[in-house]
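Presented sequentially are two complexes of chain A, the first with chain B as partner and the second with chain C.
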Partner chain A sequence: MYWLEQSQVEILMNKLAESYELFGPRRDEVSGEVIFDRLGNPRQLDLSAPIPYNPPKYILFPHYEEILKYRYDRKTKKVALERINHLKPKALVGLRACDLNGLMCLDRFFLGQEFVDEVYLEHRKKLFLISNTCVRPFPQCFCVCTDSGPAAREGFDLDLTRVGERYLVEVGSKKGQKMVEELGLKEAGAEAAGLKKKVVDESVSSFDALALENKAWISRATNRLTTGFIKPEVWEYIGQQCFECGACSFVCPTCSCFNVEDVNRLDGTTDRVRTWDSCSFEGYTKMAGDHNPRKPVEDRRNKRFFCKLSYSQSKKYLRPGCVGCGRCARVCPGDIGLPNVVTYIRREITGE
Partner chain B sequence: MSYYRGVCNFCGTGCGHLLQVEEGRVRGVYPLPGHPLSQGRLCVRGWHIHELLQTEERITSAFIRENGQLRQVSLNEALDFVAKKLQRLSGEEIAFLASPRASNEDNYLFGKFARAVMKSNNLSLASDAGQEESARVLLEGCGWPAATGSLSRLKQADFILVAGGDLTKQNPIVASEIHRARRAGAFVATISPRKTQMARLSRLHLRPAPGSMSLVVEALARIIYEQKKYNLEYLTERTENHQAYLSHLESLNLEEILALTGVALEALTELAGKLSAAKLAYVFYPTGVQSLDRRTMAALFNLMLMTGKLGQGEGGIIPVTGISNLLGSYDMGLSPTFLPGYLEASDENNCRKLETLWETKISRTPGRSVSASLAENKSLRALMVVDHDEEIIRQVNRIKELELVVYFGAYQNAFARLANVIIPRPSYAEADGTYTNFERRVQLNRQKVKPLAEVQPLWKILSSLARALGHDWQYESAEQVMAEISRVVPQYAALTYEKLESSLGLKWPVDEIHPEGTDYLLPEQKKAKFRFVLEEKTLSQPTIIREPEADFPFKLTVGRSNYFWHQNSVMKRTFIPKREYNALLLLYPKGFVEISAEDASRLKLREKQPVRVISPSAEITLAARISPDVLPGQLYIPYFVEEMIPEFLLRQVAELEKSEEYFLPVRLEKVG
Partner chain C sequence: MESSLIPIVTVPEVATVVEIRDEIDEVKTFYFSFDRPEIEQAFKVRSGQFIMCTVFGAGEFAVSLPFSPENDRKHISVRRVGKVTAALHELQPGDKIGVRGPFGNGFPFEEIKGKNIIYVAGGIGLIPLRSSIVHVLQHRPEFGRVILVYGARSSRDLMYKESIREWKATENFETYFTIDRPEPGWNGEVGFVNQLVAKINLPAENTVAFVCGPPVMFNSVIKELKLKGLKEGHIYSTLERHMKCGIGKCQHCAIGRTLVCVDGPVYTYKQIKTLGEQI
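After this line comes the complex of A and B, so read on.
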């Protein structure tokens, strides 16, 4: 491991800016809230800011993205395809462990199955990832229940852990190693691993006192969801509170559902557009001939939590589909963010 | 790719959002955390506004119609053409149809153009549905035309009553706030004939027969009166006419009301008890897309006044506007009867004051709304329209007869087919402007994307036209227009872009006494006493209820579903909300009528079976949809298939769409 002094953060950012567009947590000047955004100025980076309101998902899997362009010639009946390839390399600095884990879930969906999603791959292979250990949890966090924090274990190029006034830097890739060497960072010596472990252990033990918004009894909920022993009334109670806005899917670092539309442009070409979608929408599961296997809202809700927590889904991600960031609880107009649903399931089990 | 702070432009909630802009295009949207009302939430519409903002179905240049064909022209040519036509028109010969989605700056100058340049008082919004009535009831009762309370302490409320509509569909984030308050312990009750999601999320749901909601509210007051759970001392000290109101309550026959409304006495008594015991109480009702009638609004106001819940803090009456800038549009005086700032146009002093500020004469001829002008004014020759939806369908033939129809719009629209001149407008993300939500919160929305060269903000276009007509309008920015608004509209007296820039909106009145805005109706602001809103009608026995006629035993009401929102001209340019709307449309391509399981089994109707709905004047065939949401004896048609309007609802629609207090007596016949 290496040491990065506070004063070297800017040098690191400037170095990255030579090859990458910079993204990271910044504060909105009026609301004071934290957004994971493009950094026009590297100084906007705020590594001590709380977990951003938005996950970095949109950088690899945009809200709205042209994935293909084509022109159909009516006379010759031929289609000319055009690949859209304008992606710039990007550096994501200050990723929280939950969000890095979310990104790895997306990798397994888009890259780890029978078909590789080439558009996602284009985004993915041009990234430089720097994670940032949460030395203390934020009120909404429950990553300790989902095994996705407070420190990242894998997937980063560089990982930062704040120790006192400086950062311990762990290298996770060749790209990362090269960067460390180019910057000439000081080696941290043998005691580094122990220092980092101490910081992470302290963070874990402060969840009880600081992460008060959400408690999630994930292992029992996983058991129940997998075996299907949850009464329909619980799902109905949850369904009644669903406003069908799709927000839980849109803010989830691991949700990967999308919709595809062809949009005719004025110049005669057609863009094939991919947009975010959500299993909470009725139209999402509707099939030809009016059939809808998940018509009632509670069936659609049920599906989402099955996707996040059941054992069979977790096998695909090699981890639970929930990374414990607590965003779904904050954006939900009802009161059915994942931690609350786990609470409803727990109440059913314990009869509280 | 960066996120920029802004205000959602769909409904009157005015949620804060972040628009993601990349290379001059809006590519995504995210809720703005920390917004005082929406607090990082958006509804299904708000989550897809970027799809609308990217549509190719824009109006990108000006057009003039010649021999029936539209010819693309430069903006200057179009403006010269319009100015020459306008020079030859008198105020009586022209009417102005404004948009409740346009900014305060655009709307203010549109109203000023009508009154000061064209000397016309024929000025109104397209969709009003109860907003003007609501403002009048509140002005009469407490001298304050909008939300008397503030949602800042909603979570501490112990009593919340939601009357009519379905806020979970019309203003989902307001409904979400109410739901959160309920989870925090508030008693939430809904009064609506249909079982809506709002009703499902309430502790108590009263389901009065259509047309009887005002009676239910008066019955509540009567019960409180009988139980003497009101403070006579407070009423004597704070109100002008409590005796008239109390004697009206005395005259009510509770038993008769219960029979007419079909509501149980126990439920009413429980609700009355909760209200009179409440320390912090709120009443919500919708306006704009669907609303209540004047009588029900007055009854709700009187109930809150009688129980001492007004002018006592954050609680109060909250009319919830269904369209983004509906309240701001009235603030700017887009009405034949209100000048800017809710000053009565019929008052000579108000007219003189405005003439001094505007340094020009205005007409004293009373104006008409645009629909009244089209229907009654034979001398009408011209119409100027901003971003209109497609509900003008009722008067298509009259509009076709007009010599000049100028359409200012951002999106391609059926109205453009009726226009002689089309002038492009920027989308709301392409211009600076302020929008006023139902809370009275004025929010600044900055330009995030540059429009095409030929697309100019409405205030700029109107300034050019005014100059061509001999008026010295020299506005150089939306900010300069706001500077003038602050001199003309008393509620906006101390508002500046500078203040708005560094805040997430300020609630009017923003004036010398309250430079940072006003959270709720303050007793000191209201020097005069409150008044109960009484009318001749209110003093006598109820007359609004019509007994079902023997030939037409069902009471039919119409409403709007989640995704079919505001005539759908906006939703159909998105992907996901459009798909969700189409899901319903594909199931019921010709629309449906909801019927209770009891009535369906009595009439031997199966799901999706075609059925003729027959009113005294028209009929339509729709699919039956058996629903647990309607009571026996009632029918409900969601208003989502455009053809239903001319085919069936045409004659009744004006009243039906305004208020769920109106219903149509119909009968059903099986087809085949």
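After this line comes the complex of A and C, so read on.
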């Protein structure tokens, strides 16, 4: 491991800016919210800010993305088709462990199944990832329940852990090693691993006192969802509280359902557009001719939690689809974020 | 054969609609060939697979393939039912479409050699089954009894009249046709397909069934086939869902723990029962 002094963070950012577009947590001046956003100025990076309200998934999987452009001239019967590919390398700095784990879920899903998603791959292969250990949890967090924090274990190029006024830097890739060498960072001694462990242990042990908003009982819920022994009434209860707004999907670091539409432009071309979608929307499964196999809202609700927690789905991500960031609980107007749903399932199990 | 299947994943390949036939009300068949000769050569399918078809300027839809993997003209048969299929119906011969695929698992073929096969179709449910029927007939000696039970609301609603004429004249192919209500000039059966299936003398052992049609018909036929002693794992069907990508990413076609586009569209009834969702 290496030491990165507070004063060297800016040097690191400037170095990255030579080859990458910079993204990281910054505080919005107007709202005061922390956003994982494009950093116009490397100094906007705020490594001590709380977990950003949005996960970084939009950088690899944009809300709205043109994936194809075509023009069809019916008179001459000529088709011009073109893959849209205008992606710059990007550096994601200050990723929380939950968000890095979410990104790895997306990797396994988009790149590791029957087909490789070429659109996602284009985004993914040009990233530089720097994670940031949560030295203390935030109120909404439950990553210790989902085994995805407070420190990242893999997937990063560089991992930062704040120790006092400086950062311990762990190298996770050749690209990361090269960066550390270019910056001429000072090697941390043999005591580094112990120092990091102490910070992480302290963070984990403060969850009870600080992460008060959410508790989740993931393993038992996973078992129940997998075996299917959850009474329909539980889903109906949850379904009744769903506003079908889709916010849970949009702030989830691992939700990746999308819609595809061809949008005609005034210049006579058509863009094939990929947009975010949510399984909570009624139109999600509706077919042409109006047949909808998942009409009741509780049908759609239970599918989302099945997708996050059931064993068969977890095989796609090699871990549960929930990374414990707590964002769904924050945004849900019906108070059925994942931790609450797990609580309802737990109540059913224990008869509370 | 399998190794040469390289699906077109992201960018559609341009194909020309070479001929359009009216099948039944609101259903047309579009014969097509790829503009690039190397794709025309390399595009190989398994029966039961599907493609994502682009109607330029309108969008893309999933459609099952009715043609045999061997020696059959490439075509799709499509009912005008939504925005994109309506735009497809406006096309003329010479117009272009885009094709991605083929996708999905397809019907079993090697595994069912030596077995008796009963195809049961209702209405436009014959479209996906046609690919398997034609393929099996091309290899007729390798199978046991081959039976088709096909029903539609009226004689006007029977698909593929040309194929039907051929099939009626095909030796060792037992065909039964039924319509819901009597009609002057109709000398086939009258009634629902499940009633016709009930009348057929079918050995339970060594027989597989392929069933495709509207959900009501599907359920009644399954009941009949099970009464005859067919195993649930030997009854195959092909499911349809709202699909956007065809490659297991958009998740629109999720049923239970499976995705119709990569785990299906062909499922056994035994599998369908475990999915825990409406078909």
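Convention: the second predicted complex is superposed on the first by the 347 of 352 C-alpha atoms of A that agree within 3 Å, B and C clash if a C-alpha of one lies under 4 Å from a C-alpha of the other, contacts with A are read in each partner's own complex, and residues count from 1 in each chain.
In this text, a residue touches a chain if its C-beta (ideal position, glycine included) is under 8 Å from a C-beta of that chain, and two chains touch if they have at least 3 such contacts.
All of these numbers come straight from a predicted model, not from anything done at the bench.
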item: When chain B and chain C are modelled together on chain A, clash or fit; value: fit
item: A:K286 touches, of chain B and chain C: first, second, both or neither?; value: both
item: First (chain B), second (chain C), both or neither touched by A:D277; value: both
item: Touching partner for A:S312 - first (chain B), second (chain C), both, neither; value: second
item: Which of chain B and chain C A:F229 touches, first, second, both or neither; value: neither
item: Which of chain B and chain C A:N264 touches, first, second, both or neither; value: both
item: A:R38 touches, of chain B and chain C: first, second, both or neither?; value: first
item: Touching partner for A:R74 - first (chain B), second (chain C), both, neither; value: second
item: Minimum C-alpha separation between chain B and chain C after superposing on chain A, in Å; value: 8
item: Chain A positions touched by chain B in one structure and by chain C in the second; value: 259, 261, 264, 277, 286
item: Residue numbers on chain A that touch chain B, as the complex places them; value: 21, 28, 30-35, 37-38, 40, 53-54, 58-59, 62-65, 240-241, 243-247, 250, 259, 261, 263-266, 273, 275, 277, 281-283, 286, 290, 330-335
item: Chain C contact footprint on chain A (complex, rising order); value: 67-68, 70, 72, 74, 77, 79, 81, 83, 109-110, 113-120, 228, 256-262, 264, 270, 272, 277, 279, 284-289, 293-294, 299, 303, 306-307, 310, 312-313
item: Residues of chain C touching chain A in the complex; value: 9-12, 14, 16, 54, 56-61, 81-85, 94-96, 98, 240-242, 244-245, 247-252, 254-255, 257, 262, 276-279
item: Chain B residues within the chain A interface of the complex; value: 1-3, 5, 16, 18, 20, 27-35, 40-44, 46-47, 50-51, 54, 56, 168, 172-173, 175-176, 179-180, 183, 197, 200-201, 501-504, 562, 575-576, 579-580, 582-583, 586-587
